[in-house]
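Below, each structure is written out as structure tokens.
Paired with subunit B in one complex and with subunit C in the other, subunit A is shared by the two complexes that follow.
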Partner chain A sequence: MSAQKYLYVITKAPYSNATGIEALDAILIGASFELDVSVLFLHDGVFQLKANQNCALSDSSLPAIKQFTKTYKALEDFGVDELYVQEQSLAARGLGESDLLAPVKLVNNQSIKALIAEQDQVFTF
Partner chain B sequence: MNFNILVTGALYSSQSAYSALRFCRAAAAAGHSISQVFFYQDGVTQANQYSLPLDDEFDAVSSWVEFSEQTSTPLVVCVSAGERRGLMSEEQVLENHLGAHSAVGSNGSLHSRFTVAGLGALHQASLESERMVTFK
Partner chain C sequence: MSEYSIEFQGQTYSTDVQGFLKQRLAWSPELAVYIAKLDGVDLTNEHWEIINYFRDYYDDYNIPPPMRMVIRVFKKAFGEEKANSRYLLQLFPEGATKAASKFAGLPKPKNCK
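After this line comes the complex of A and B, so read on.
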């Protein structure tokens, strides 16, 4: 039997809330179960992948939420197959593929529909 | 059908508990089963035994407990998400040397009907159920 397909959808921007960092924890657990894991960034979720993030504070105190987004770049090493980004979400926020910190696959609503249809489970954050 | 429920919305400030409970009751009444309800992110606050809503307000914690008692559905709180937000059993309070100097007191803030587990428990349950439904 082939591995079950799990899709994790992230819809919130980083740092103003803990959604991204806690979604990432769930994704890493999913990957450790040897599932067929992929991630979809939707709406403000595309900000998670913005390159050149800098949480360092001038007085070297800790930021409210630590800079965790570099882990997205390492997900490939944990067996995560693909990072999908909804192209309209990216364009609406003045961003392009070259603004992102990791290689992604741009998808439109039509392909998102097909992507979700082929999953065994979908987690939305 | 067997459902795995994920609740991520906060107690009182979100409608997640209300919607999730209505879904769970309707599913149970229709002969479906709920393998477990897993509380993650701000959803862990729904296990706080010290929640005190007004008399004419929805009591999410008591409603979860009642549903769990009636249907034998396990209520599971993510251990790390809970600890970050002060949701702990008495054992966790003692293990972390909190107790008397802590706002949660040595009784722990976690209602005794809820258990704690890692995110592995969420994934294990989802593997064994046909559908997972998330309430944000």
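After this line comes the complex of A and C, so read on.
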């Protein structure tokens, strides 16, 4: 039996809430169970992949936030082969592939449909 | 301050219940030797190859490397005999990912008990 295909869809920007870090935990769990894991970044989710993030707080008395998004770069090492990014979401936010911290595959709505259709499970964060 | 800590050279370092440092930046090689000794491990060059790899990887990705990555990288760098779980377990009887992270001053990996 081939591995189950799990797609994790991330739609929120990092740091304003815990969505991103929870999605990342779920992805790492899926990957460690040897599932066939891929990740799709939609809408504000594309900000997760922005390179050179500055998550330092202006109030230095508060504990620093960990820049968890660096871990997306390591997903390949955990057996997550593909990071998909919706082309329109990226363009609408004035970003291009060169602004991102990891190599991604740009997809349009047509290919997103096909991508979702071939999954066993889809999780949206 | 946390309720767990270790004393080393007149300094107090807070840790979690299993002895993982709370402050990664407080780490030093001397402290690593001491932490390892508390766990009954004398650090050799072979240990340091792995600990340094863990620290570099964490700097880049904010996560300890997965075991399959360690094995893949060490196979390339040092050859077959240093790149298998048996070799790693001989060096770190408590489990390579867990113990190497601990000695390297990294937080406890999420998939370790």
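Note that the second predicted complex is superposed on the first by the 116 of 125 C-alpha atoms of A that agree within 3 Å, B and C clash if a C-alpha of one lies under 4 Å from a C-alpha of the other, contacts with A are read in each partner's own complex, and residues count from 1 in each chain.
Quick note on the criterion: a residue touches a chain if its C-beta (ideal position, glycine included) is under 8 Å from a C-beta of that chain, and two chains touch if they have at least 3 such contacts.
Not measured: the values here are computed from a predicted model.
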Partner chain in contact with A:Phe123 - subunit B first, subunit C second, else both or neither: first
First, second, both or neither for A:Ala26, with subunit B first and subunit C second: first
Touching partner for A:Gln4 - first (subunit B), second (subunit C), both, neither: first
Contacts of A:Thr71 with subunit B and subunit C, given as first, second, both or neither: second
Doubly contacted subunit A residues - partners subunit C and subunit B: 25, 32
Residues of subunit C that touch subunit A when the two form their complex: 57, 60-63, 65-66, 68-69, 110-111
Sites on subunit B touched by subunit A in the complex: 6, 8, 40-41, 80-81, 84, 118-120, 122-123, 126-127, 132, 134, 136
Residue ranges of subunit A in contact with subunit C within the complex: 25, 28, 32, 66-68, 70-71, 73-74, 77-79
Touch list for subunit A against partner subunit B, complex: 4, 6, 18-19, 22, 25-26, 29-30, 32-33, 35, 121-125
